Amino acid sequence: MTQLPGLLDTEAIRKDFPILDRVLHDGKKLVYLDNAATSQTPRQVLDVITEYYEQHNANVHRGVHVLAEEATELYEGARDKVAEFINAPSRDEVIFTKNASESLNLVANMLGWADEPYRVDHETEIVITEMEHHSNIVPWQLLSQRTGAKLKWFGLTDDGRLDLSNINEVITEKTKIVSFVLVSNILGTLNPVEAIVRRAQEVGALVLIDASQAAPHMPLDVQALQADFVAFTGHKMCGPTGIGVLWGRQELLEDLPPFLGGGEMIETVSMNSSTYAPAPHKFEAGTPPVSQAIALGAAVDYLTAIGMDKIAQHEHAITEYAVKRLREVPDLRIIGPVTAEDRGAAISFVLGDIHPHDVGQVLDEQGIAVRVGHHCARPVCLRYGIPATTRASFYLYSTPAEVDALVDGLEHVRNFFG
Amino acid sequence: MKLDSMYQEVILDHYKHPHGRGLREGDAEVHHVNPTCGDEITLRVKYDGSRIEDVSYEGQGCSISQASASVLNDLLVGKDLAEARRIQEVFLELMQSKGKLEPDDAMEEVLEDAVAFAGVSKYPARVKCALLSWMAWKDATAQALGEDRESAVRKSA
Amino acid sequence: MTQLPGLLDTEAIRKDFPILDRVLHDGKKLVYLDNAATSQTPRQVLDVITEYYEQHNANVHRGVHVLAEEATELYEGARDKVAEFINAPSRDEVIFTKNASESLNLVANMLGWADEPYRVDHETEIVITEMEHHSNIVPWQLLSQRTGAKLKWFGLTDDGRLDLSNINEVITEKTKIVSFVLVSNILGTLNPVEAIVRRAQEVGALVLIDASQAAPHMPLDVQALQADFVAFTGHKMCGPTGIGVLWGRQELLEDLPPFLGGGEMIETVSMNSSTYAPAPHKFEAGTPPVSQAIALGAAVDYLTAIGMDKIAQHEHAITEYAVKRLREVPDLRIIGPVTAEDRGAAISFVLGDIHPHDVGQVLDEQGIAVRVGHHCARPVCLRYGIPATTRASFYLYSTPAEVDALVDGLEHVRNFFG
Amino acid sequence: MKLDSMYQEVILDHYKHPHGRGLREGDAEVHHVNPTCGDEITLRVKYDGSRIEDVSYEGQGCSISQASASVLNDLLVGKDLAEARRIQEVFLELMQSKGKLEPDDAMEEVLEDAVAFAGVSKYPARVKCALLSWMAWKDATAQALGEDRESAVRKSA
């Protein structure tokens, strides 16, 4: 077996993930390389979900009975865990949403309804980048259409990086918000936060960072990032579906208006008017995703016990190996950075003129699960003149042997369509 | 091997050597995409009364969607609309059969090369690829004949 | 043991709910009477969740690999189940949200951004009722503030029913939307849908029904209701947290604009503009609550196997018994209908001048879980001049013995504060 | 019985016979609510320099929140602000102790009747009830002395 420096003990880790033992088709063992779409869920997290429903399930915040108190403590305890995980200055800055997309839409909507100085209107500008996930494009297109604000974006260089050469023209005094992805889900690129934040601060624009592909894979420190908001999603970091996070600076969360209205987010309600609870509750209307938040807390415990720095190291080693091996495949072109520097563990590529859909299908027949398509980042495909890509993405349980299986599988694809 | 049931020789042939590809003059043009995977097709129909004079198309997509457009061109050009509709319906039925329909002689007579897509119907994600051009044709026809613009209307951002 | 006609075999049913065996404090068996806040979750649903993560977990819609196909089939299969459960004309009319609150906010936001004839603006009116849950008040207050539309409402009669005497003045030609609760979570009242829908149709207003307290407890037929939208929530009907439903008429869903933007809800995206997928996907931005939807499907299977009519019958019998027994308690005043006719199984009351918080605390000590407070329906408390209520609410596993325990517990409360 | 640790005689006494209840003239008035349960209090403070001349209040709520306001009135009226702040802090510490703090003599000296709330600190949902009037007092004091209006500002719909 290939040995690389910095690898985790994947043999032990893989025992925590029952699904990795699954056998597909006629005896092919699952090679799961679709982690950028969603990660698998360890037994430790599943046990917490079951225990919650078997022992503590109740609606939170509003009860004096034991179950309600336990459920509330578990739910709010999960908030503490997430706050610590991202080094938030205060637990009250952690808002639970249903996914990263809601987190991003939440910010867009808050700014659309905000008072000055935050308000986005027809005299202001919004800045994103060409490598955003659709979930960080469409909310801003909608906001721009609905307020008249101008939507601008950073383009990409040929090697899959942000083109910041015109940063002073893109981010101007009119810019109210700059929203960009920390690690691209299609290119794998890790973006230079500091340069963007510095310019945004210069002009007094708020910064929202989409950390959906970062939070699962590397230590995340919202204070070090110096952003105003950070969004990510539970199902990509060993947590369940149905849970996302928005972190925001406390003063902003105090000043900004609510988005969804309803139970839990109020202070007092009469038919004529209502006042709102302080953040984070102001932004959590209705019964929150209680068991999902608790399970995310368990996922955070799981990841922390292994160590986010160790996970990053492991993925870096795997990525380095994968880039090297993929570059040996004839006719294969990596879309995105072609080294392992400043990149995450998602690698997109095209294979000659074989359509990714066909690549994915033939790989699947061998038990290898990759994603094909535009990966919710169609502008990137347009930018590089390709209809779609095939993407392999790794996580803490990925092994060099799985990289080898992918490379062998691609050989098979080439023969099949050769 | 299961894969061979999807990638029949006939399909790979049409994929590599598509029939009637390219955009020519038409009475109506539609652009359809498969949001799942980004497959796209631009398709034009030309009618001579109720006779299909031409179906021309451009697009990008996987072998299944490309081959399917090629087969469509083969099957429908020159046919009368009523006949074409029947072919389309039989093809739709086959594709929605989840691999449970074994094409019989009657079906083969109607669908010709298109029976090769029977294996694709086992793969839900690919059924949409196979149907892309057929849905586009249906839509373009409705527009050309001014029957029903409903399905062509999509809210646009 | 008390035998009532129409009861379910609760002995068998209770075996499905592990939490009901929980022992609290010093050996007190849990008496869970807080079902209007959230229901408990049967083993059948928990098993489906675990099996999903251990066997099929993948992101939906976008993959060609086996897991992605299985996950998609399970997720879309859940949509079929829910559609059948509510007798929806089409499965594409079922939108998965995170809870009922999001479903209600979704409608409010769609109407705020809609084109004519749906658009809510300063020349139009919104109608709700005084017995709405905060989740069906605050979204309309926000919409009214943001568009200038006038918010109007039906008042309540002294016996806890809607006062429809002025229906023609409340619902007028200016009314664009009438949104009301089918069964009140605080009063228990079952509202007369037909009269309201008839008047709304007369003036061309849309109708949204909040069925959060109805879907879990009685057969729900959206076609029979003749409403335009129906909202409900998973965690009150044996499902998990993190999942809600909005049903809407297909033509409306086609015409109305999206709310949250992002992955999954698009047809095609470029930096300059996007087009949207057809409903329901248009309204499901981002990775949906996949496992939660699947679990809700399992909950629907569970409820259907028992039979919604049988569940309604059971609850009616329990409610009748509970109303009778509670009325025997000295100084107890029921807030809401004092018979079991046209009401659900949530019963609010006040006990002399003992504050509900204290009532709840003393009951809890005996293992009896009730909810106390304003139940996210503070205007109802204001209307009846009370600070809060104690609420006992029943479900398919509730027994007459639990009603007896409640009544004994209240006797204890009275002695304690006597 | 665990319940008795919450509902101490002292607390029930204050609840049934509250001290200083009613609204009288003051330098500042605040209205606080506990969104969890709807408990409300309107509270006024009157200062004579740094001496608390009066704390008057009206409200509705459970035994714990009502008794706590009564005890507050007992403890703070007539005290100097610095001393009152110290009492408030000790009370806060006790309430946040989750039942793990056994009040010693020193604490009893400071808190007098208020030590009876030690048992309440075991019930997270009720801690807010016990603190409602104390938070209102802190807020009203800040307003009366014009120190910090921050905490009084709430966005209103």
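Quick notes on this structure:
Order of writing sets the chain letters: A, B, C and D. Residues in each chain are counted from 1.
Definition applied: a contact is a pair of C-beta atoms (placed from the backbone, for glycine too) under 8 Å apart; a residue touches a chain by one contact, two chains touch by 3 or more.
Every value quoted in this text rests on a predicted model; they were computed, and no experiment measured them.
Of all chains, the one whose Cα centroid sits at the greatest distance from that of subunit A is D. If you average the CA atoms of subunit B and of subunit C, the two centres end up 44 Å from each other. Rounded to whole angstrom, the centroid-to-centroid distance between subunit A and subunit B, based on C-alpha atoms, equals 37 Å.
Between the Cα centres of subunit B and subunit D there is a gap of 75 Å. Measuring from the averaged C-alpha position of subunit A to that of subunit C gives a distance of 31 Å. Residue positions 36-38, 40, 123, 126, 157 of subunit B are each in touch with at least two other chains. In subunit C, 25, 62-64, 68, 138, 141-142, 266, 268, 273-274, 357, 361, 372-373, 378 are the positions where the chain touches two or more neighbouring chains simultaneously.
Chain contacts in this assembly follow no simple pattern; the graph is neither a line, a ring, a star nor complete.
Contact between chains, as defined at the top, is found for A-B, A-C, A-D, B-C, C-D. Contacts from subunit D toward subunit C in the complex involve residues 1-3, 6-7, 12, 36-40, 60-66, 123, 126, 129, 157.
On the side of subunit D, the complex with subunit A involves touching residues 33, 35-38, 123-126, 154-157. Residue ranges on subunit C touching subunit B, taken from their complex, read 61-64, 68-69, 72-73, 254-255, 257, 266-268, 273-278, 281. Chain contact summary for the complex, subunit C toward subunit A: residues 18-19, 22, 24-25, 30, 32, 34, 37-38, 40-41, 46, 49-50, 53-59, 62-68, 98-102, 104-105, 113, 130, 133-139, 141-142, 146, 151, 153, 233, 235, 240-244, 258, 260-266, 268-271, 273-274, 285-292, 357, 360-361, 363-364, 368-373, 375-376, 378-379, 382. On the subunit A side of its complex with subunit B, the touching residues are 25, 138, 141-142, 145, 355-358, 361-362, 365, 372-374, 378, 381, 387-388, 416-417.
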